[in-house]
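Chain lettering (A, B, C and D) follows the sequence in which the chains are written, and residue indices restart at 1 in each chain.
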Amino acid sequence: MRFVYLGPEATFTEQALHTLPEAERGTRTPMRSVPEALDAVRAGEADAALVPLENSIGGSVAITLDEIVDGTPLMITQEVVIPVEFVLTARTAVPLDQIQSLAAHPQASAQCRGWLRSHLPDATVVDMLSNSAAAIAAAQGEYDAAICAPIAAGRFGLTVLAEKIADHPDAVTRFVLVTRPASPPPPTGDDLTSLAVYIAHDRVGALLAVLMELAVRGVNLTRIESRPTGERLGRYVFFLDCTGHVADGRVGEALQGLRRICADVRFLGSYPRHRWVSESDRPVPAPAGLSDVDYADAADWLARIRGGDLP
Amino acid sequence: MRFVYLGPEATFTEQALHTLPEAERGTRTPMRSVPEALDAVRAGEADAALVPLENSIGGSVAITLDEIVDGTPLMITQEVVIPVEFVLTARTAVPLDQIQSLAAHPQASAQCRGWLRSHLPDATVVDMLSNSAAAIAAAQGEYDAAICAPIAAGRFGLTVLAEKIADHPDAVTRFVLVTRPASPPPPTGDDLTSLAVYIAHDRVGALLAVLMELAVRGVNLTRIESRPTGERLGRYVFFLDCTGHVADGRVGEALQGLRRICADVRFLGSYPRHRWVSESDRPVPAPAGLSDVDYADAADWLARIRGGDLP
Amino acid sequence: MRFVYLGPEATFTEQALHTLPEAERGTRTPMRSVPEALDAVRAGEADAALVPLENSIGGSVAITLDEIVDGTPLMITQEVVIPVEFVLTARTAVPLDQIQSLAAHPQASAQCRGWLRSHLPDATVVDMLSNSAAAIAAAQGEYDAAICAPIAAGRFGLTVLAEKIADHPDAVTRFVLVTRPASPPPPTGDDLTSLAVYIAHDRVGALLAVLMELAVRGVNLTRIESRPTGERLGRYVFFLDCTGHVADGRVGEALQGLRRICADVRFLGSYPRHRWVSESDRPVPAPAGLSDVDYADAADWLARIRGGDLP
Amino acid sequence: MRFVYLGPEATFTEQALHTLPEAERGTRTPMRSVPEALDAVRAGEADAALVPLENSIGGSVAITLDEIVDGTPLMITQEVVIPVEFVLTARTAVPLDQIQSLAAHPQASAQCRGWLRSHLPDATVVDMLSNSAAAIAAAQGEYDAAICAPIAAGRFGLTVLAEKIADHPDAVTRFVLVTRPASPPPPTGDDLTSLAVYIAHDRVGALLAVLMELAVRGVNLTRIESRPTGERLGRYVFFLDCTGHVADGRVGEALQGLRRICADVRFLGSYPRHRWVSESDRPVPAPAGLSDVDYADAADWLARIRGGDLP
C-alpha cells in the first residue's frame, strides 16, 4: 500500500504514521500540503493519506476540514491520536546555559513558552517552517538547539537535551487516515462516524433539528465544528463526530433522518475509536432500547402489523 | 358481513352504521354494551362492531378505550363521524304548549337544556335509559313527547315537532368500526393511525420522549387521551391518534421508535380520515422531506454508503 | 368553616372529608352534584368543596374537570387520596349463602365483580343510585345485603360481613378541596401544581411545545388529561398536574412560558402532595441547577451583566 | 478615545476602523497581534480594540476567540463587516503583461488564485507577512506589483491596476470592537448577543440542552463555533451569536437558563447587528408571544396568581 502524509519528514505526522502496522509494510511519502496529500489519493497516486484533523490545544485543522469535503468523495478509515511531546535537541549534549539560539516552528515555541521562559530565558528563538526544518538547522549547526518531535532527533542524529517540554503535558493531536470510498471497516462495538452536514439556513432551528435527529436515536455527538461554506457570513457546514458505526441500526436511521432534513449530508467514514488510557474512554454501549437487537425487534414487529398480524 | 353495534336500536350508533354501504348489505345486530359488541367480534360471532369513541361535547367514551385494549387484539378499520342532531318528537303534531311530560336520556336533555328552557319551560323531563327508549315511551303514549335521534322518529312512527334542538349545533360523535386483526385498509393519502402507548413512568420526561419520536418524523397528533392502567394513580395508558398510515415510511419509523422506548405499544389501526366539510379538514400532506419518496431516497443513499459507494 | 361535598352522605367523599381536621371542626353539607358543590363555593354559600377528581380504576371524573374551569375561578388547596375499600354489609350477621338480593351502585358491583362471582354467585344484584342508597335499602330490609363504603356501615347500623371485597385491592380515589381564589398554601418542598391549558390547535406540535416549556425548567408532569372544549372534535383543554409549587422559581418561569405560548392557561392551585406509603412516593427534589437558589444566582448574575459588571 | 487595532497599518482592519466615526475622532494605534491589542484594553492603555472575528471564506479567527475568553472579562460593543476587496497595485500604471514579480500575503494570493491564473499566469508570487508589507515592498520597487487592501494603495502612493480581484466577490470579514466591561449599548430592536458556553461533557446531550434553552425562548442562533478548552480532546467551549439583546426579556431568561445548566457561561456582549444590503438582512422581530410586552404580561399574571388573585 502506498501511503502519503503531510510532510515534511520527521514530524509528528510521520510519527503517527509509524503507529500503523500496514504503513510500516507500505511506502510512505511526505507531501507538501494537506490538499496535495488528499489529491494524491483522489488521483489514485496513493492509497491512503494521513493528515492532522485537530489538536487539543490548537483546535481543528481548517485546511483538512475544507479539503476533505471539496472535491470527489473521500473516506476516513482510521484515526490516530498521539501525544504532542516536544523535545529540546542539539548536535551534542551542551548545557542549557550555553544555548544562545534556538530554532523552532512558531506553534512549537508557543506551546513550550513556559518551559522556555524558565529554562532558556535568554535564548533567541528563530522561527522555522516546520519542526523538522528546525531539527535540520540544528543538525547543520546553524543554531545551538531546536525544538522538534522525538522522531526528528533520531532521524537527524541529534542529542535530546530535555523531553516533554510542552506546557500542556496532555496535549494530543488527532490524525485521520483517508482513502477513496469503499465499504467501511467492520463495526467493533466502539466506533465513530464522521459527517459533514449542510443546513438550509432559512429554516429556524435547523441545527436543533439536526441534534434532535441524533438524540432521538440515542446517537451521541463527540465533536462539532463549523466551517464557512464561503457563500456568505452565516452559512456553515458542520463537521460532526458521532458515536457508533454506519452499520448500526440507530446510526443508519439517524443518517437517513439527516439526509431527509438537511440541504446536504456527506458521510466521511465509520472507523474504530482510538483507545486512550483514560477514565472516560471506555466504549459507550447503545442506550436502552437502541441496540441492533432492539432495532431488529421493532422492524419485525412493524412488519407483522403491516401484514395484519397484531401481536 | 355480520355487523354488531352498541344498542339499543334506533340510536345514533345505528344511524352511523347506516352510513356504511357494506353494513346496508350485511346483518346489523344491536348489543347491550360496548364490551358485548367487542367480545362478539373477538369470539368470531360478528365480523365488525361499530362503537362510539368520543363526542365533541362529552369527550371520550371510556368504556370503549378500556375494552379495546383489554383482551385479544382488535383493529379499527374505519371511522364515522355524524352530527348529534336531536329532534323533538310526539305521536301527533301537538303544539309545544300542550306538552307537559317529556321522555329523554339524561345526556340528551342535558345537551338540549337551553332549547328546553326557551320552548318547554314547564314540561316535566323524565329520565330514560336510552334515546330510543324515550322514543318508544312517547310512541306508546306514556309521555307527551320525547327527545331522540332522527332515526327513531321514522322507526317508531313519530312526528317531528322540532329539529336540531341541541344547544351546540355543531356537536358530533365519532364512532369506530372494529374488526379482528388483518392487513389495514390501503393508504388513501389522508389517513389516521390509532395507538395505545404504555409508558414506563419511572423515566422522567417519558411522554415528552413519545411526542419527540413522532415530531422528528413529522407525524402529527390529532388526539391524546389518558386512561388509568388500574395499577395505581399516576400510571396511564395514552391513546393517540396520529396523521398518516402505518404503511407510510414516516409512520412506520415513528412506530418502531415508540416500540423501542415504551413499555408497550398497541397498534389499533390505520384507516381513512373521515372527511367533513370544514376549512381545516383538508388532507395534511407529509412535511417536506418526510414523504415516502424521501424515505426511499434516504434508504437508498444509506445502502450505497454502507456498500462503500459514496455519492 | 363551611364545607360542602359531593353527596349523598356516608359515601367515600364524606369519608375523605373526615380526614381533614378543619372539616371536623366546621360544618359539612352534602350536595346533590359536583356542579352544585362548586357553585356553592362560587356563590359564597360555602367556604370549600370536596369533590372527586380521579379514580385509579375509573379514571378522571369528567364533570369535576369540566365544572372547575367553567365559571368564575376556583382554586385547589388540598388533595386527599383514600383507598376504595368496599365492604359487604347486612342488617345482621347472616351467612353469605343466605343472601339472595344485593343492593349496590353499578360502579361498586363492577369493581367487586370477581369477589361476587366467587362468594355470591347466585345473588341478584340490584342497581342503586349511590353507595349510601344501597346501604339504606339494606338497613330498611329491602334487600338482604349491600355493598357500600365503610363509613355507611356505622352510619346506618349495618353489620360488616366482609371487608376489602374490591377486585383491585390498591384502588384509590383522589379528591380535591376547592375554594375561592386566595394565596396558595405555602410551599412544603413536596407540592403539586394543577393547570388547565388551552392550545391553539393550528400550531403544529403545540402539545410538544407545552411539554418543552415544562421540561426545560425541570418541571415533571405527573398527570395529563384531555377534555373536549366543546367547539369541535380535536379541540381539547389539557389538565396537567406538575411537581412543584407556583412559588418555586422553576414552576413560576414555566407557567410564564405557558402563558406566553398557549391560547389560555388557568392556574388551578398549588398544594401539598398527598403522602402515601409507597416506594415511589418520596418528595422529588428540584433537578440540579433548578432549585430556588440556582434561580436566585442566575437572576443576580443577569442583573450584574445588564449593569455592566461582568463576573 | 484611544483605539488600538490588529496591525500593521493599511490593512483591512484599519480600513474597518475608519468606518467608526468615534475612531476618526480618537487615536488609532496598530498592535502587533490580537493578544497585544486585547491586553492593551485590559491594562487600560487603550479604550477599545478592533480585531477580526471571522471571514466568510477562512472562517473564525481562532486567536481572537481564544484570547477574548482567556483573562479578565472584555465586552464586544460593536461589529463591523466590510467586503474583502483586494486590489492589484504597482508604483506606476504598468501593463499586466510586464509584471514578473508580485508581493502578497499568502491568504491574499490564495483568495485571488483564479484571477492570477487568468491575468498573471507567469508572475512569480512572493509571500509577505501582511497585505501592507506587500504594498510597501511594491512601493519601494522590490517587486513589480502587490496585492493589498484599497487603503494601502492611497497610503503608500500606489497605482491601482485592477480592483476586486478576489475570486469570491462577496467575501467579507467581520470585526468586533472590544472594550472593558460596561453597560451594553442600548437595544436597537436588531441586536446580537455573543456568548461563550462551557459544557460539562459528562452530561449526554449537553449541547442539545443548550440549544433547547435558546429555542424555548425563541432565541435564534446565527453562529456557533467550537474551540478546544485545552484540557483534552472532546472538551470544547462554544461561541454562540444569538439574535436579541441581553436587555430583552427572552434573551435574559435564556441566559439565566444557560447559567443554570452549563459549567460556565461568559457573556461577551450585546450590540447592534451590522446592516448589510441583503434580502435576509432585515431585523428579526421577536417570535409571537416572546416580545418584552409578552414577558411583562406573563410576569404580571404570575404575580397576581402568587398573590391569590386569579384572573
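Operating definition for what follows: contacts are C-beta pairs under 8 Å (C-beta built on N, C-alpha and C of every residue); 3 or more make two chains touch, one makes a residue touch a chain.
In UniProt terms, the chains line up like this: A, B, C, D = Prephenate dehydratase.
Model, not experiment: these values are computed from the prediction.
Asks: By the touch rule set out at the top, what is the minimum number of steps from chain B (Prephenate dehydratase) to chain D (Prephenate dehydratase)?
Replies: The least step count works out to 2.
Asks: Suppose each chain is reduced to the average of its Cα coordinates; what separation in Å results between chain A (Prephenate dehydratase) and chain C (Prephenate dehydratase)?
Replies: 59
Asks: Which integer distance in Å separates the CA centroid of chain A (Prephenate dehydratase) from that of chain B (Prephenate dehydratase)?
Replies: Here the centre of chain B (Prephenate dehydratase) sits 58 Å away from the centre of chain A (Prephenate dehydratase).
Asks: What is the distance, in whole Å, between the centres of chain A (Prephenate dehydratase) and chain D (Prephenate dehydratase), each centre taken as the mean of its C-alpha atoms?
Replies: Spacing between the chain centres: roughly 27 Å.
Asks: Got the chain C (Prephenate dehydratase) residues that touch at least 2 other chains?
Replies: Where chain C (Prephenate dehydratase) meets two or more other chains at a single residue, that happens at 212.
Asks: Would you identify the shape of the chain contact graph, picking one of line, ring, star, complete or other?
Replies: ring
Asks: Tell me, which parts of chain D (Prephenate dehydratase) touch chain C (Prephenate dehydratase) in their complex?
Replies: Checking each residue of chain D (Prephenate dehydratase) against chain C (Prephenate dehydratase) gives 73, 75, 181-184, 212-213, 215-216, 246-247, 252-253, 255-257, 259-261, 266-267, 289-290, 294-295, 297-299, 301-302, 305-311.
Asks: Would you tell me which residues of chain B (Prephenate dehydratase) are touching chain C (Prephenate dehydratase) in their complex?
Replies: Chain B (Prephenate dehydratase) residues touching chain C (Prephenate dehydratase): 54-59, 62, 81, 168, 170-172, 174, 202, 204-205, 207-208, 211-212, 215, 220-228, 230-236, 278, 280.
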